[in-house]
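The following pair of complexes shares a single chain, chain A, combined with chain B in the former and chain C in the latter.
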Partner chain A sequence: MLQNQIQIKHKAGRSFSSNIVLLLVFAAVMLIGALISPLFFSVQNMRNIIVGAATFGILASGMTVILIAGEIDLSVGSQVALTSVLMATLAPISLTLAIVASILATVTIGILNGVLLTKTKMPSFVLTLSTMGIVRSIALVIGNGQPVYGVPRSYSNLANTTVGGIPLVAFLLVAIYLFTWFFLKYTTLGRSIYSVGSNSEAARLTGINIDRITVAAYAISGLMAGIAGLYYTSYVTLGLPDGAVDYETEAITAAIIGGASFFGGEGVVTNTLLGFLIVAIVKNILNLMGVSPFVQPVAIGLLIIIAVGVRTMRKS
Partner chain B sequence: MRRISAVLLVLLLVSFMSAAGFASDRPLIAFSQVAMNHPWRIAMTNDIVYWAEVLGVDLIWNEAEADAAIQLTKVRDLLLQEPDALIMSPFQATALDPVKEMCDEAGIPLVTIDRSIDSEPGTGMYISFIGKDNTKLARELGEFVANYLYETYGEYKGNIVEIQEAVGSSATIERYNGFREALEQYPDIQIIATQSGHGYRVEGTKVMENYLERFPAGTIDIVYTHSDEMGLGALQAIKAAGRTELIGRLVTVDGQRAAIETVVNGEHLAVSDYAPHFGEAAIKAILAYLAGEEVEPVQMLDSNLYHMTTDEGANFTRNYYNRMLAEDLFY
Partner chain C sequence: MREGKTILEMKKITKSFPGVRALKEVDLALRAGEVHCLVGENGAGKSTLIKIMTGAHTMTSGEMLVNGTPQVLTSPLDGRELGIRAIYQELDLLPTLSVAENIFMEDVPKTKLGLVDWPKMNRKAAELLQMFHVEISPYSLIRDLTVAEQQIVAIVKALSQDSKVLIMDEPSAVLTGSELERLFGIIAELKKQGVAIVYITHRLIEVFEIGDIVTVLRDGENIVTKDIEDVTMEKMIQWMVGREIDEQFYKEKVAIGDVVLEAKNLSVEGMVKEASFELREGEILGLAGLVGAGRTELLKSIFGEYRLNSGTLTIFGEECRFNSPRDAIAKGLGFVPEDRKTEGAVLCRSIEENISLGVLAKKEFKFLVHFPTIFKKAVELANYVKIRCHSLRQEVVTLSGGNQQKTVLAKWLASESQILLLDEPTRGIDVGSKLEFYKFMAELVRNGKSIILVSSELPELMALSDRILVMSNSRIRKEFRAGEATQEQILEHAIPQELREAASS
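On to the complex of A and B.
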């Protein structure tokens, strides 16, 4: 018990200093933005950054939960595409039906991911690589490989709606991150995810039902993919069965820059939020500077190496 | 602390990799490219960069990783810089339609190239759509094939196998229909097989291998592929199978240098050009608009047909090929 407390304290100390590094990187990125272009700090640009990257932000919160559980979910990009197709197909019948059906679909996919994982014990990378393809196929079949029209104008306008000058989706992001933060920190289930991710054997010995925790983590990932898909549909104004490709890597990038570990048990969702904002801002700055699209991934690559490298160097 | 300064230093270096800041009096034109994942797209961008230089305008551009949502975001990044006009090659007509509204609000004229958006060109700030007519070029190619078969056999007869572009894209549908429109009047010219090669070279090879097994020598007269990449792939399959009777019997659409070269050396029969050369027309339309002149809301650029079957055709094709070599053009 004492040992445990010491360990937890040690971890808290480390995450505190990673926080500072992350905040410094964030500040540095903002500073560079301000130096590079007078447009950077304009209200319009700030809005553009949030509105453009929100889908990744929502996915990243779910991905953080999965990474803390020591797993990965590669199927979330396909789930976003499926949501957009379901929305566009069902919205002409009823918007409420479309939203409910989409969320039910992605949560079900999440649960299936979790159940298959715990039953087969396959690596989650391999399992979700398979479901990524399967879910993508379902989206393509429903949409017949074509864009699906039918999202009502009132719904597609939501992505561009502002309240008091702040995009609606910014409030959604805050709500999602508050929810995930609260869930991970203050609920038994949330805390159990940390235990399972850091040492599943120890967690099992303390009486935690590991399988249930894993399924729950994937259900949350599905829920977030569904919400991200709802926003994505509003943003692109139609169902795109071949859309949202590689979005899972965007979510993983934000989470690992924010400090989530691939080995489980580590990750703070507020840091993921910072990680997500840093990536979005860097991309925005590169666009404002007109940096060649061929070179842009270099900046994101360096960012990951710096953010993760500083942490792993400290650990060793 | 030393590490943190290292972090800052690297970030600063990255930020100075490209010096920003335009301070010229020349018009600033923004270009939103949907993707840079295909030689055709790269050539489209290069062409616009080239004509921006020639016509004396400043250019900013970005690309959208073949993703509708990312293109919307990146168009916003471009519009924020208050360009004098926006050229966009949209990912998809409906998804990118909001750009018209953004341009209306910002008072920035919009020209779309290659594909249009849902809004009507010529309304609001959407001043022009500049495209190429796939149906027309496929029809012309079909007529050319019919005439070639007549010249060869003394009558309008022959068997054609077809390899289609990506299923369901507008280009596929138009290249499919236009070609058939031209052949309708010749009942003895038959398209005996059609299958998708998805636009890729490897797929073109695979589909062609399949055809070669199904149809023995002497039963295919013409191979029609919807794109050069697949045409070059099909040529590989033909060579590998030793089906020399089909060398010089391939017709394709696109017009990359590698394909034009095969026309010149006799391996392809003809290439109909769908080269992504929209830059001149797009920038000229914008300059005309900025000068207060009328602009055609829809402009369909002509396609050339490259072949060696007539002296005129051979000269035209050879000259074009030499120019491509001299200027190192991919398209």
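On to the complex of A and C.
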């Protein structure tokens, strides 16, 4: 019994240590921020970080679910753009209608992604690369390639609203990450997503309907893209058919820095939250330093190589 | 012995695959609290039989009764419903998830609200592991465990689900001494609980250690089913290999030339111990031994896949130290691996590309490759080895096993290998293609090439080889010349000493 307990502690120590590494990186990034600029720790800057990055932060939680399922979803950035166009177009008629239609649209796209994937068995990278273009095109056609005005003032103010000094979207982020964490950890569907991503053949032999699980994962990704789009519309105050470009890459970046694996079956959404914060803060620091936006992707690229490289090297 | 209630009964089970009859009217009965050992050579039909038991394969004809009622299983899920479970060597575990979650994969403990009850799951998993005296934490990830530990988790998982029939497919292939002892303890416990156990093994000595009944399969037929008291090791081996050596083999008399390869005290840590032998031009040298005796490892260490710890390898009179297979290929060696699907051929590419691979690897320092020349050679070779196909542009995956094997061989001929290392080249190939393959081997040695042949099919090995080296426990134990030894004599040297002593005591 005693021996067993010792072993349990030892093993728990392992995953704990990789969390520690992530926390250390986070602390290091914060420290660098503080050293670089006195403005970094100001309330206003902290708000800016959250308000500016929240869209891909929301996407990252959905992307974690998809990566755990062993797939990828490149269409989420386009879905955000489509949502903003739908919101701006429909909100003058009815805000409720606009919100319902947007979420319905993105969840439907997610389900379509999942169904096409499981029926054709094509690689999800290729499939969602195609739907990324298609959805973007739909957004451009609806918006006629132009920004769409029509988002009510009351709605666009939401992005800047604070409660007790904390931006509203921070609460939204916490709620979304709590929801995703709970869903993945405690529901049967959540665990099935892990199983399918870990070894789909074993999952199938257990009686799990792997096609249905994959579709469900894409529906969740669509839902998250819709919510991210709702926030994005408020943040940019209009419908941008050519907006939210590369957001899927940023979502993937946050998730993999947080430890999600491209091979599926692995990933913890709370770590994705840390990954998201690290990416958001690094971008903020670069802005504070006045680094050209043309050069900023270099820093993000290096960050991925270091974060993931260290992890894969440790594993092998 | 035979007092247990019959749980599962198989009557006249026949299974045909396209072109092959894997099982012919096999009868088998499993009783509660009995360990039923299933032995036979590779390809005798053991795995087909257990796959029919679990529902992974459907039988072509015959009847299966579970507790006296006829059942038709169409998937492993059906088998599981009836309490029939198998623990395969390729484990169906979830590598990135915890031990506890894997154990309860099929029946996750839930709270009243229908949510996953983690504390309960971990507690129950710890209890189960403790019950079997296993020191594995329920929190560990499967991929962090050793293969043996994974096997134990798979066993615990199968046991947690209230199995009536438990099939173990060669568990001793991955478990070592003390782990195996523990497994035998678990099996004894299960017998008391009235579980019917099917135990498949190549280590025949285990049959006497834990078996109650043994069934010998050969060529898809049930040769004999007997109580263990009425069986001796010698008889069992006879039943296993029983078939006569007849014209199913092909061998030509070829003049044996000079020594082309000489190994002196080759050692690779944990795999090969002090192997010394020589190979001559035009010779087929057979390597006999049980699975795990070190035959494949010996081939791979000659081929530069494993680095030698000590010993010397002289090829065409020149001492060689290979750092990688590339060096070995450059010296004229070719290796046809046991698993042609993953190591031998690039299945998703065409025949001509596969044949040309070896040439490409050799030409790598030439800047440009002239494909028409290479492919022309590929066409010649494909005709030469008689690959049956519509077109050489056909993907290798579409070929039959025998033709895939010929493609792999043609690759080495294209790169002008002089010494060919063949590891179980005829495994899973139907009889007709085998004969063609033998004739082809004869032609190769007639043309001055030399072959080292590993085969678990003793009749084949005896018919083709000019000399046979017998290996066990990583060592070469004995050398026989062609026609000098009987199967029984070879097997006697192939079974490790300590096992033989245990058997006779």
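Definition applied: the second predicted complex is superposed on the first by the 300 of 316 C-alpha atoms of A that agree within 3 Å, B and C clash if a C-alpha of one lies under 4 Å from a C-alpha of the other, contacts with A are read in each partner's own complex, and residues count from 1 in each chain.
The criterion applied here is as follows: a residue touches a chain if its C-beta (ideal position, glycine included) is under 8 Å from a C-beta of that chain, and two chains touch if they have at least 3 such contacts.
Keep in mind that this is a model prediction, so the values were computed, not measured.
Of the two partner chains, chain C is the only one that A:201 touches; chain B does not reach it. In the superposition on chain A, A:75 contacts neither chain B nor chain C.
Once the two complexes are laid over each other on the shared chain, residue contacts for A:266 go to chain C alone; chain B is not touched.
In the superposed model, A:221 makes contact with neither chain B nor chain C.
In the superposed model, B is the one of chain B and chain C that contacts more residues of chain A. Applying the stated contact rule after C-alpha superposition, one finds that A:185 touches chain C and leaves chain B untouched. Counting contacts as defined above, no chain A residue meets chain B in one complex and chain C in the other. Listing the residues of chain C that touch chain A in their complex gives 76-77, 92-97, 101, 105-106, 108, 110, 114-116, 118, 126, 129-130, 135-141, 144. Of all residues in chain A, those touching chain B in their complex are 21, 24-25, 28-29, 32, 35-37, 39, 42, 44-45, 48, 51-53, 55, 144-147, 149, 160, 232, 235-238, 240, 243-246, 284-285, 287-295, 298-299, 302, 306, 310, 313. Within the complex formed with chain A, the chain B residues making contact are 3-4, 7-8, 10-12, 14-15, 17-18, 20, 36, 60-63, 65-70, 72-74, 76-78, 80-81, 92, 94-95, 97-98, 167-168. Only residues 1, 3-4, 7-8, 10-12, 14-15, 185-188, 190-191, 194-195, 197-199, 201-203, 205-207, 261, 264-266 of chain A touch chain C when the two sit together in their complex.
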